[in-house]
Structure formats: structure tokens, C-alpha cells
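Two complexes, one shared chain (subunit A), two partners (subunit B, subunit C).
Presenting the complex of A and B:
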């Protein structure tokens, strides 16, 4: 793989290179947190030292929270064929790129979801390895390093960035920016890289013991703690909205006020909602909150392995700061182990 | 990152179907016959017994329905639909010539290749006779390719029995060992329909060769456990007991997540599961 150097003094010139390829999106402060927002000002492109955990993950670009798949009148329907612009999203942590790879695997297995793929092909990912905060646990889910799925990937090595090129588009970008990207890597690059990795590995403060949780999910399926969690759970579905690998959606028809024009909408759904498994005749296959929680954790920590060979939790920590009643992967794992 | 995929047809885009006839099977179940609006394009659309399609009415929504017709009789798509919710209420308002959208077929369907040459036991409960009609017609149309055909059907009462005139007529047929029952009230049909649960009909199922028999079951969620218990008494292998299940679905193609059971999707890995799957996966029946 190609690797180059970007001096930190040239960091601000990055924007003008990237904007030639499409809309530039970067984490921007929103309240106490961050959100991927479209930026116009080169000053807004900041490569933070720590990993930035945005409110919504990159999936918001690939599977929009709510969009029309087709529109209809009483006479005919038309497919929504909107043109998707190229988007470049900057400062994406490694765990999120793993999540995108999981989404892509999911959306291209058995049937290919064109709505996803159309957007995936138009999304350019500029990854950035940062230092973990108190909630990150990607070292426990093997997602702290990423080999594929990005176009460029940045490592902060003091006064310069080490830049891995991961795709053809990534290569085009460094060629367009040949005045700032330098092919001559400093002699001490490997030493600094190892130091960075060591420092990163030392910085993790959240250490859930993920070993064997797959089997424990099976063995502890009838454990009492599920009912305790069920009693606490608010069924608000925030965990699924914030999770970078949650994909469930609902499809409904909406009529406009004139009752002539309507849209078939596809929007994020949550397995924590009561009507998630409701069928005709009011038969609910998962009527209790404990059952629905088990479904989510079975899917994240066990079932996904059966389907795709790896768990679908990437250790981003979003469930930890999102859940208002403290039900999240580390607390569930802790119960599984107790 | 490059993936090869077909840009057309879109997975979520329905083709339009025209209602050509309908009749009431029971007070709340209506039988619909549909043909494609663009007949030349979709007339020979193939499917398997046990598969389902997503039917939709623009402005109301979309839901999965089992196919009642058999691929041996191509061109007309048949569905037995119970009036039970927002969408089905609207479907019941359809008149001949009205349009509705259809996507599919989806699901694995019954494994016909494995069933060839075998004796077949079909157990239907209530509306379960709708998907199993597809299988029944398929076997009847290819009768020489299968061994014995045993069909047990239980309904709540005689009014709720689907295809009752057809079944009563078939009781005399030598092609099929058919037994009918209703939970209670068989007045007027004492000769042809028994009283009692569908499990009571197993007393007529004798001389089963477990190595050469496949059982297919479809009915309300509460029925499977009891029927499977009966079938297991014949020592059938776990993968020779096939259960056609129902779940909530929004896409039909393993993406929306609603029909997930453990790591499998009812819409892709089902709706036909084996009894081994039941043991292997929680929540199945």
C-alpha cells in the first residue's frame, strides 16, 4: 500500500484539494458533542488528536434516516432516481470504517441494496486514527486498526501525518495534492508509528472482557438479568439509531394533504420498538422489552458471526453515552460474565 | 471499492398486477386472482410453492403474502387474503380490473428437489391452507413424481375452512389421503368433516416409512408445537419436517431486519424451516 507524508503546516491546504472531489463533510461541534456537517470554510477542517465520536455515525450518509424510494399518484408511480453527489467525509475513526465495511457486507449479501450501494460508491472516506477516550473499547472488538474501506487514512506522528492510500480515488487525491503530499517518508517513520500504536494501546480506559461472549449469549439466554434490563429499558430505540452497524428500516406510504400525490418512505426503524415483530391479527413475536433487548444483543454479539464471521459491535462506545438507563455493550457483557 | 450489481430492476420497485377475479372463501378470507399488467413481460415469472410476494397498494402500504397458486399453472397469481388490518381492508375494496403492486417472489419455498419420489404429509391449520395450496396443486399436477400424499386440514369451524367445496370433493379422490376437521360444529358435514383439533387426524396416518417421508406444516403460531410432536412419533428425521412460518416483513430481501430469528432471516432462509432449525434456533416456534 502506498504511504505518504503530510506536514502539519500544510494541513489547512487539504480542504482545497478535497473540495475538487465533492462536498467536504467533517465533524463539527454540536452542543457538547460532534456531528458530521458539510463544511465550506477550510478552517473547519480539523484533524482532532482524539477519536471523534459523532452523534450519528457515517451510516447517515449511506442509509439516510428517512428518504423516499418512490412517489406515486393514482395513475402511476415513479422511482426516486435522485443524483447522489460525491461526499468526502473527514476524520473518520477506524472503528467507524469497520462499521461501514460491515454495512457493505450486509447490504451486498444475498440481495444487493441499490439505495445503499449508490451512496457507498459516492462516499469518499478519509480516516484518522486518534487516541481513545474513556468510552472507546475498539481494542476489545479488534477494530482499532483498519486495512480496507477507506480512501485515505491519517496517523498523527508529531509534526506530520502518515497517510495511507487505500483506493484509486485516494490515489487521485494525493496526486491532485502533490504539492502537500510528500512521497519521501522520514527515516524515523516506522519508529514513530510503533510509538503511536503503543501510546494508543496504553490509552484505553474502558476494558470490557469480550472473550467468549458469543457462547455466553447462548448460555445466559434465560438469565434473570435480562428481565432486570427489560424493566429498566425505555424502548426509546436510541441505541439502534446511534449504533454504526444497525440497519433496520421500515417502509410506509405517506399521502400528501391533497391525497393525490404520495411517497413510499424508507426510514430507520428500531428492534426495540414494540411493534417491530407484530404481525396480522395482533400476534407479537417479541412483546416484552427483555425479548427485544435479547434480540439486539444476540444480533450484535452472536448472530452476526454466524452470518458474516465477525461480531457487529465495533466498540465505538455510542451505546454507552446514548442509553439513558445504562444498558449498553459493556454493561451487558459485565452481566454475562458475572 | 467496486461491486457488480444490477441497476435494474430496483429491489424495492413493484410490478403492477390487475385483479381479474375474486371470491370469498370464508367470511373474512377472500381469494384473489391477479395477472401482470404487462403480460408479455411477467407472464412466465417463476416461483416455488411456499414462497411469498410483497403486495402493495400505493397510499396504504405493503405486506408479505403467501402465494396460493402453483407454478405449474403459470400466468395467474393467486392469493388467499384475510381481512385483518389496514392494508388488507383496502385490498378487500378492490374491484375487478383494479391494480396493485407486487414484488417477489421471495423466500426459499419448499425444497421440491428433495421431496421428489417421497411420501408427503401436509398438515394445514386455518389460513395455513393458503400457502400449502400451492404445494398441493404442484404435487397434484406432477402426481407421478411423488409417493403417497396425505393431507390433514383443521379449521376453527366449517365456515372458516378454506376451499371447503374443493376439499370435500377431493375426499373421494384416490390421488390423495385427505382428512378434514373443525374445532367444533361440523353440522351438515358429519360425513366429511370431523370434530376436534388437527392433531386428532393423525390417527388416520398409518404405515409411514420414516426414511421416505417428508412432512410440511403451516398454520397459526400456536399449532406447530403440537403437530410436530405428533409427527415425531413416526420417527421422521429432523430435517424432513418442514415448517412454513410467518413474521413481520418490510423488504422481503433480508435488509429491513424485522423477520430476523437469531442469525437468519425468515424472508431469505425461510419461510420454510426444518425441525432441526427449530431446535437449533430460539424463538422459531
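Presenting the complex of A and C:
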């Protein structure tokens, strides 16, 4: 793996290098929050000092909230082969890159989801290690450092960025921008890098005690607090939309009004909705809100380990600032521990 | 050419905006007219055939008089599939906001005094399922174009209209909006049937619940939350009532216990 330097004075030139590779997307303010938006102005490319937690995570590029997968007539079907442009998404925090790696594992193990992979292959990820805010807890989910899944990854070391190259495309980018990316690293780079990491580790203000949580999910499966959460839950489904590792979707067929033509739509679904677990004969495996919440937290904190070797919560803190009634990973963990 | 399904579009008490929303599907109007044999559509055409038997009846509006009750029953007899079209016929909508509070006659007298009604005897506004069997529901105030056209197409093919039983929040998140409820606004998104594509929250205007109450709406939790955020309980319940129609009546008692 290569490492280079980008002087901060050259930061504004980054856009003109990146735009040669595709559309550039960067976190832009949306109310009090941020959202990844396509940018045209080099001034909009900002490498923020703090980790930026957008409303929707990077998964919105990889599995759009609502899209057509194929069209059909009574005789045949045609896969939607719309051209997916290369998208370069900038300022992606380490936890989100972990989340993308989890999604990729999920969508390629046993069966390959081509709709996902087609988009993953066209997504260039420029990561950025920022300082945590009051909600971040990636240090507790082992996702504060990332070693794969990005094309470039930036560390802010004072008057320059240390840039890790993580892929062939990343290497192409630094070659194309050879006038701003410098292979000669300063002598004090390792010392500064260690200092940055120490500083980052000291900056966490949210410290949920995640130790042993996987086992406690099993032991506390029938605990009363689940019903208390169930009484509070609004079933709005926002937690699952905001979570960077939620993968569930629904598929329906839409027919055109006056033609023998239909379209198969795929859109995000939520396990927190009653109809999600509704089956033939009006039977519902998870009729109560408490059962549905238990399913979600089991999936995030326990079940994923059995299948893929790690829990699927990456500590991004989105559930904390999304759920209106304060049901989120840290509050559930607190109950598990009490 | 295949025989086109026949349809009647009928309006009772309401603003007639649902029928207008159908006419507003300008790009699809020719498709609608050529796919369906329209027998009754007073808002859009002359030469209506009131006696026609129809495959599909779209019924807009709430039932506010004994004459309407009779007319609705006649439509039911003439229609193979009867669809409640829009919030008024689905839940009663705004005109049913005080349904069942026992004060309707008093209010009516305040407005109309001792006026004698000869053509039809007025009554408290009710959704149509209180009087006839309803085969399918298209919610909305008014229904949104994509969902309305999908439902029409499904009905044409002899299927039940499908819609996700999910709240406004789903599409609100699709549009990547900040949660207004989280930010302390009196937003009824989580309690309200989705499908509208969340136009109001997308313009920073909290949801007022115009599509009606979703199956599993957790009014108690939302009431508690909004009280914590400093809203007055009676104001919140009043907001719940506006579009809650007949569906909110049974929930109100439980809400009053929480206050």
C-alpha cells in the first residue's frame, strides 16, 4: 500500500483531478445535517475536520431507495441496463467504509446481487479520518480504523494530508494528480500519525459498554425492557433507512395503464413495519413492535457474527440522531447491561 | 379490441379534489380514457349514464345526508368492485373530525338554525364503509398520482390495489429529509399512511396526517414525546383529530388517559 502527501494549500485542486474520473459527490449541509450531493463547484469539496454523518449513508449509491430492476411484457423481460456513471464520494468516514464492506459481503456471499455489484464497481470511495463528535462510538465497534474498501483515504496531519492508496483506481487518481500528490513524506510523518490517532482516541465522548453484548442479547431475549421499547417505538422505520448496514428491500410489479408492459420496482423496506413479516393467511411472525425491535438488534449485535464473523453495527451513531423516541444501539446496550 | 372495463366516478361530500387529481394526470389522460369505458364522471363529462352497471366504482366524498346513503347503496348494487377513493370516503376526513363527540346536533343548529331540509336530511359525516361493503381503498387527500394510477391499473386487471402499509417517514427518508419530529416539530409522519411521497416534510412543513391513520399508529408514544417537547396535550389531540376521522374516535379515550 502506498502513502503520499497532499499539502493543504493544494486541497482546492483536488476537485479538478477527481472530476476526470466521474461525478464528484461530497457532504453538503442539509438543515442541521449533511447529505451526499453531487457537486460542480471545487469550493464545495470540503474535507471536514470532524467525521460527517450524512442523513443517508453511502448505501444510497449502492442500493438506491427506489429503482426499476427490469421491464416485462407477456413474452419477455428486459433487465434495466441503464448506464451507471462512475461516482466519486468524498469525505467518507472509516465506519462507513466498514459498512460498505459489510454490505458487499452480504450481497456477494452465496448469491451475487448484480444490481448491487454493478453500482459498487462504479463507486470510488475517498475516505477521511475525522474527529468523533458526541455520538460517534466506532471505537467500541472496532470500526475506527479501516484497511480495505477505499480507493484513497485521508488523514489530517496539520498542514498536510497523509493519503493512503487502497486500490488501482486510487493509484490512477494520484498519478493523474501527480502535481499535487507528493511521494516524499515528511520525516515526522509517523510521529504525527501516531499523535493523530492518540488525539482521536481521546476525543470520544460516547462510550457505550459493548463488551459481552453479543452474549447478553441471547440471555436477555425475554427481558421486560423490550416491551417498554415496543410501547415507545413509533414504527417509523427511520432507523433502518439511516443504518448503513441495513439491506432489506421489497419488490413489486407496476403495470402500465394501457400497454402490455410492466416494471419491476425494488425499494427499501423496513423490518420495523408490520407488513414486513406478514405472510399468506394474514399470519404475522412478528406482530408486535417489541418483537420487531428485538429482531433488528439481534441482527445488528449478534446474528451477523454467526454468518459473517463480525457484528453489523459500525458505531456511526445515526440511530442516535434519527430515532425520535431514543431507541438506539447505546440505549439498548445500556438496558442489556443493567 | 378487448372489451374495456367500465368505470363510474362518483362524488359525495368533499372538495372534489380527488376527482380533480385524476384529471390532473395530464400525461396519462389519453391512456386512462382509452383503457377504461367511463360511464359516469360528472366532474369531467356530460352524458353520464346513471343506470349503467359498472365494473369499477370510484367513490369520492363522505356521506352527509340520508339521500347520499341511498345513492351510495344504489352504486353498490350497480358496481362489481367498489373503491373508496380519497380520504373523505376512506375515513371521513376533515368534516368527520369531531365524529362521535355527541355535539353534532348542537353545532349543526348553531350554523343552520331551525332551517327545514326537504331534499335530504343532513347527518354527521361518515366514511362510506359505515354503509356499504368496500372492496378496496385508495387513500389520500388527494391521492398521489403514482399510487392512484397503480391502483387503477391493478383494478383494471381485476386485482386488489396494493400499497405498502408504511408511514410517511419511509418516503420522507427516501428524499433524505431531516426528521422534523426529532427536531421538535409537531409532525404526524409516523402516524400517517404513506404513499404521498412526503411533499410537505420535503418543504420543511410537518405532516398534518391528511392521508389518514396507519394501522399500527402509536398515538400514545407520539403524544408523550410531543408533551416532552413542550406542546400542550389538547393541542396535540386536536391535531390528531383533524384528519383522523372515524379512525381516531376509539383511540381518543386511551389518549385522554395518558394526559
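Note that the second predicted complex is superposed on the first by the 328 of 338 C-alpha atoms of A that agree within 3 Å, B and C clash if a C-alpha of one lies under 4 Å from a C-alpha of the other, contacts with A are read in each partner's own complex, and residues count from 1 in each chain.
Going forward, contacts are C-beta pairs under 8 Å (C-beta built on N, C-alpha and C of every residue); 3 or more make two chains touch, one makes a residue touch a chain.
Predicted model only: the values in this text are computed from it and were never measured.
Student: Touch test for A:57: subunit B only (first), subunit C only (second), both, or neither?
Tutor: The answer is neither, since A:57 touches no partner chain.
Student: After superposition on the shared chain, which partner residues are touched by A:208: those of subunit B (first), subunit C (second), both, or neither?
Tutor: In the superposition, A:208 contacts neither subunit B nor subunit C.
Student: Of the partners subunit B and subunit C, which touch A:330 in the superposed model: first, second, both, neither?
Tutor: Once the two structures are laid over each other on A, A:330 reaches no partner at all.
Student: In the superposed model, which partner reaches more residues of subunit A, subunit B or subunit C?
Tutor: B
Student: Taking the superposition on A as described, I'd like to know which of subunit B and subunit C A:289 touches: first, second, both or neither.
Tutor: Only subunit C; A:289 stays clear of subunit B.
Student: After superposition on the shared chain, which partner residues are touched by A:315: those of subunit B (first), subunit C (second), both, or neither?
Tutor: A:315 sits against neither subunit B nor subunit C.
Student: Is A:170 in contact with subunit B, with subunit C, with both, or with neither (first, second, both, neither)?
Tutor: In the superposition, A:170 touches no partner, neither subunit B nor subunit C.
Student: Who does A:69 touch here: subunit B (first), subunit C (second), both, or neither?
Tutor: It touches subunit B, and subunit C stays clear.
Student: Using the touch definition from the top, say if A:231 reaches subunit B (first), subunit C (second), both or neither.
Tutor: second
Student: Of the partners subunit B and subunit C, which touch A:264 in the superposed model: first, second, both, neither?
Tutor: first
Student: After overlaying the two complexes on chain A, where does the subunit B footprint on subunit A coincide with the subunit C footprint?
Tutor: Residues 250, 252, 255, 269 of subunit A touch both subunit B and subunit C.
Student: Which bits of subunit B are touching subunit A when the two form their complex?
Tutor: 1-3, 5-7, 10-14, 56-63, 82, 84-85, 88, 101, 221, 246-248, 250-251, 253-258, 260, 262-264, 268, 282-283
Student: What residues on subunit A touch subunit B, complex-wise?
Tutor: So the residues of subunit A in touch with subunit B come to 69-70, 72, 74, 77, 79, 104, 106-115, 117, 120-121, 148-149, 167, 221, 247-253, 255, 259, 262, 264, 266, 269, 271, 276-281, 283, 285-286, 291, 295, 298-299, 302-307.
Student: What does subunit A use to touch subunit C in their complex?
Tutor: 30-33, 35, 55-56, 60, 65-66, 231-238, 241-242, 250, 252, 254-258, 267-270, 273-275, 289, 321-325
Student: State the interface residues of subunit C toward subunit A in the complex, per the touch definition above.
Tutor: Contact set of subunit C toward subunit A: 28, 31-32, 34-35, 149-150, 152-154, 156-157, 162, 164-167, 169-170, 173-174, 176-179, 181-183, 189-191, 204, 215-216, 218, 220-222, 225.
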